[in-house]
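By letter and in written order, the chains are A, B, C, D and E; residue numbering begins at 1 in each of them.
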Amino acid sequence: MLDSVSLEVMSGELVCLLGANGAGKSTLMRTIAGLVKPSGGTIILDCEDITGLKAERIVRRGVALCPENRHLFPRLPVKKNLSLGAYAKHFNVKVMEECYDFAYELFPVLRERGEQLAGTLSGGEQQMLAIARALMSKPQLLLLDEPSLGLAPLVVESIREKIVQIVAAGTTVLLSEQNAGIALSISSRGYVMESGRVVLEGDSESLGSDPEVKKAYLGI
Amino acid sequence: MTAENLRKYGVFIAALAVACFLPYIGISKFMLNVIIYAGIFSIATMSLNIIMGYTGQVSLAQGAFYGIGAYGLAILTNKAGLNFWMAMLLACLITAFVGLLIGLLAFRTKGPYFIIVTLCFNFIVYVVIKNWDWLSGGVRGQKITGPELFAGREARYYLVLGFVLLTLFIMWRISRSLEGLGFMAVRDNEPLADALGINITYTKIVAFMISCFLAGLAGCLGALHTGYLSPTSAHYLLSFNFIIYLLVGGAGTLYGPIVGTFTVYLALEFMKGIGEYRFMIFGIILILVVIYFPRGIVGGLKSLWKKVAGSRQAEEGA
Amino acid sequence: MLLKIESLTKRFGGLVAVDGIDMKVEAGSIVGIVGPNGAGKTTLFNLMSGQLKPTSGRITFEGVDITGSKPFRIARLGMGRTFQNTSLFDRLPLKINMAIARRMRTQSGFFDSLVPLREREEEADVARRAGEALEFVGLAGSAESIAGSLPQIAKKRLAVGMALVGEPKLVLLDEPTGGVGAGDISGMIELICQIKDRGVAVCVIEHKMRMVMGLSDRIVVLNFGRKIACGTPEEVSGDPEVIKAYLGSGYSA
Amino acid sequence: MSYFFQQLVNGIMLGSVYSLVALGLTLIFGILGVAHFAHGHFYMLGAFLVFFLSVSFGVPYWAALVIAVAVFCLVGVGIEFVYRPVRDKSDINAFIVAIGMLLVIEEAVRAVWGTGNRRITNPYPQVLKFAGITLELQRLIVIGAAIVLIVLLHLFIKRTRMGSAIEAVAQDREGAALVGISVNRVSILTFSVATGLAAAAAALAAPLAFIAPDMANTLVLKAFVIIVLGGLGSIKGAILGGYLLGVMEALAIAYISPAYKDVWAFAALILILAIKPNGLFGGRD
Amino acid sequence: SCGDTGPKEVVIGLTAPLSGGGAQYGTDCQRGIEMAIEDINKDGGVKIGDDSYDVKLSSLDDRAEPEQGVSNATRLATDDGAKIIFCPVATVIFPLLDINEKKDEEFLILAYTSIEMVTDEGNELIVMPPPPFTVYTKLFTKLAMQQGWTRMAMVQTTGAYGDAWAKGMGLAWQTAGGTITDHARADYYTETDFVPFLNKALASSPDVLLIGGPSQPTALVVEQAKSLGFEGGFIVMDQAKIDGMAGQIGMDKMENCIGVAPVEAPFPATPVFAERYKKKYNEQVTWESAINYTAMILLKDAMESAKSVEDPMAIRKAVPGVLPMSGDEFPVTLDGIENKGLMHMPSAITMVKNGEYTLSSDLIYWWKEKD
């Protein structure tokens, strides 16, 4: 699926990943998170080789993925889903409270829905929960796979702001988006993928103004 | 295209040719006996394939329906004095009818719940047959006398062969008919099938009734061939056997049930010489088969064939 | 009037997901349904197509009361739908997916499959219809591919095709462009217009406002299960309550 | 009336054993989704171990019980490894592996220890009599010990990180991995706890009855019935279902017909499921 | 067969439960036949004219399932050419009766069961050595009544055997003026705890309990009944053996049990056999081994007398001529045979009193008392 992809994300950076359906964005993210084993190549995190490590170990090293299919725990309540988000980190009660507050501030609905089973949430609510769960472990590197999927315009707007805040607070973010406009507007750099390969890279502004990118991926 | 057809039908025609002359190619009477049983059980396994392989509802009650068919036949001939063939048809219809009643109850549940409901039903049928002496003859069982024509083993062999082919035909027709589409839809995605206008409960019940009818048929043939009937003919371990046969052969495939039944049943029969340890060896083989051929022998061969054909095509293309 | 909904309500425990909604869909029109996440849009669809039973209220389709009917009955009456999380027969080829979707318009039962007289004709008809539908949604080239292996956009198109092949009078599309790349959205819009051209009414849930505004004859806006606005795209987009609850002040049509 | 109470106590005793076995199974089947039909056979092996420890080597009863539980917690780890290749496949493949496993175990036990029934001397043969009821002390001990174990397990599942990890793994393996839960470790732990519970049940009930290679065949069926009756994955359901079945059985023997005792219980199950298709405390659909 | 120098062979078949719950029972039968065959072969085999045949046993497991039994018997008769097939399970014998008279595949059934009905079907190729259970019902009743017991509760094993027993016993008991206070059926093969059943039976305050199935569970029933405070007697069906039960729970707990006498008691030659058996298998001898041993020797004599190892009908017809077999020489006495195949084997009953077997040496020639 992936064909010798190389990409770099600097600490504290927000990098976006663009490409049409089936370009390999999700596969790349899943590979970094350890859900898919690469057939070749290496993945380096903080100067350490994490290639081939199991997903649960990678999380403990501070990489959190908000996956495309959400992978929530449908028969557990919202709050339990959130608390499991911090499973790898053994936070004490106080830190946990902070994390909950952060998540609820980002998505106030989740507080109201605390006891509802995740599987019965509306599509957008589930997406919010997936993002919030990924944030619960206070990751060093956050992989967001199409966070705006199924979200109302207002919520998309607030997520966009929150991502900027998160990055400002020191978290590194790799963002994959269909909605290239939003992605390019907040990221510093971007990669464009096609059939499993990186075909273009550059800073967001130049990508955003590249007519070919515009035509092929921005739908403009 | 002809090569494709040859692959598709060649094996079948060859097997059929062998089957037609089997009793006269010098196999022992014992061998023939074992093959007749394997044929009968493969009808039951095919019946399971219809409900489990094609419709996705794992039924652990096939043993019960096998038994109901067999006892139906016995009671109708011995107690009611009916003509054998009439009794056989009626017994299968009764089995299908019981299937309808159980289906109406059991299909309110799904997945593992359905499995357990059917298992419980089988258990109940077994205990009732075992204890209801007046009707079933209890533990002592009862005798069944078939028509004079089928007194000989060879004749029974051809009778069973005929019914195996009939069942295979039914399964083949279902797998490529509009009705079969409904079965597949229910198996793969119930909510979607529902939204696409397919009456799920009705579909399941139709599949279940066909399946029960055929399981009953297998039971009748089993009773006829053994000439004698006991409560073991309705034991839930029979259901387990059918599931093992089906999964070893390949659920949801056309030839899987037959291949699985013959492989497992014959292997166990030949392993009798080993005595005590045969079930240990069989158990280990079973685990290995399921791990390495999760889609059964036929399923495994199919994907192997695809790989071979795929690489050949790639070569040709290059 | 094709579809008429009267004071429809659905409760989940204490939560009122759909709250006394009145709504109409005219034959051959496109109705957009928008609203914030959790507003009750999907629930409304589920009530219309029978996946959920309403707590109270009435739904009539072509004058027939379908309140509380089973999904398959409603589908047979002529209402097709797609799901928010695209739902297909993932392990089967596209043409079989289509054939299954056409199954409800055929009569052949088990005995017909044994003696295929009527079945022959129907099978041919099903194959033809399936081919046409695949053609219509632009997937004729991949009739033999397995549905699960398709890219997102093709899955969405297939789902739409399956909703249509049963010749419905109304289709409900739940986020037909969710997860679809920006480059492919226009194609989907075109497809929806073609559906309308065939005289089939469409209800569409979408968060992509520009798309909904462009497509819909009428728009219904939901919030907290209640209908807060209803009208032409222009009317709705100017409504201050809609802007506050859903669009945000940054929105401009 | 005293007869009624006597049967009631018997039912509760039976129910205690059922609950312990069903609890393990509900973790494995209800939560992990592995149709572990060989569970009863580990119960049987547990009883054999206690037999050998206490009868052949003279280990005191309670020590034998503790050793058996410890050994079988380890055995559980081994079981997990057998299931691992089919764990993510359909339930029914695991079911076949289970059948294979139980055939091997049963045959191996026969080969090693013969087919005869064996008995453990009852460590507490005292008989209590009051208000016209006669009770063996060991029966009360089974009830008491089972309740302690059940409460401990309940606390473990509901109050610990590991408990929620088990539930998470059950519902979405990939999701669990993504939040840092080791699916393998949770799965091993589940099998370990469940098998240990089965051994505990066996050790408790063994002195009251026979030990034989096929002693657990109907037991495992009943355990499946119980967890389905209670609702898959529901701990509460497994406990109540176990006691319900035990009491129903004892009373059916007393007041209806002993020959059909299992029939009434199983028929009741079919009816309950027809009315509540997801069991009494239904979790998974 | 001219120029054939190797020793000739005659195959004896056995289909029996060799795995599963009845394995012990099946194995005991098998061992009796095995020992007999060893003795026969040591003695030069079956001698017919100048020929001598080595005897070979071919055993197949049927798990006591009729279908399996039929398949086994067919295989033994057709593949191995067995003309004599031993079978110790009534439910398997019944279907064998339907296939053993088929032309060219005939075989003689050696039926080890006490269900006399197997000989009632008019089959000409069956021999049934053990005494029919009906022998015991009257004797047990008389003995129990002598103890002053009049109220009997039954906790019988399920199945044809138990049902027939309970029915016969009930009739005898009531004819003698006793009352039946309760009747329960428990599956002795699968049940592991009988307290619930006993509670029900004891609630009717009986003087004596009718029990019985395989020896082991029956012993457990006795023990559990005593632990529930029952102080009356037990009538034990013939499948359970008093000595086998005593081996389980100790002689002191067997007080007041009425049943079949221990295998070593009645016949003079039995203790010798028991010793050989113990030496060979390191286990206590059972009736199963003793009777099947004797039956095998009997069949050897019959083959020699019929001058055929091939013709089951001739062998069957030769049986009366080689009888009686005396308990002075063989583990059991076989006195005669009725036309339908039922053999005359004297038996003995016992009652445990003060830790001793009483009455156990009094042989009962039941057929002489038949009306």
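A few points about this structure:
Operating definition for what follows: contacts are C-beta pairs under 8 Å (C-beta built on N, C-alpha and C of every residue); 3 or more make two chains touch, one makes a residue touch a chain.
Because the structure is predicted, anything quoted here is derived from the model rather than measured.
Counting steps between touching chains, the shortest path from subunit A to subunit D takes 1.
Under the touch definition stated at the top, subunit B and subunit D share these contacting partners: E. Counting only chains that touch, the fewest steps needed to get from subunit A to subunit C is 1. Taking the mean Cα position of each chain as its centre, E sits at the greatest distance from subunit C.
Once the centre of each chain is set as its mean CA position, subunit B and subunit C turn out to be 41 Å apart. Subunit C and subunit D have CA centres that are 48 Å apart. In whole angstrom, the spacing between the mean C-alpha positions of subunit A and subunit E is 77. Counting partner chains per residue, subunit C has no residue touching two or more of them. Residue positions 19, 158 of subunit E are each in touch with at least two other chains. Contact with two or more other chains is made by residues 107, 110, 259, 284 of subunit D. Pairwise chain contacts in this structure: A-C, A-D, B-C, B-D, B-E, D-E. Taken together, the subunit D residues at the contact with subunit E in this complex read 3, 6-7, 10-11, 14, 107, 110, 114-117, 119, 125, 127, 129, 134, 136, 139, 208-210, 212, 214-215, 217-218, 249-250, 253-254, 258-259. By the touch criterion given at the top, residues 19-22, 68, 109, 116, 120-125, 127-128, 146, 149-157, 178-181, 216-220 of subunit A touch subunit C in their complex.
For subunit C in complex with subunit B, the residues that touch the partner chain are 49, 51, 70-72, 75-76, 80-81, 83, 87-92, 96, 99-101, 103-106, 108-110, 112-114, 116, 119, 122-123, 126, 162, 166. Within the complex, the subunit B residues that touch subunit D are 58, 105-106, 108-113, 116-117, 119-121, 123-124, 127-128, 131, 236, 240, 243-244, 247-248, 251, 276-280, 282-287, 290-291, 294.
Note for the complex: subunit B touches subunit E at residues 28-30, 33-34, 37, 130-131, 133, 138-141, 143, 222, 226-230, 232-233, 269, 272, 275-276, 279.
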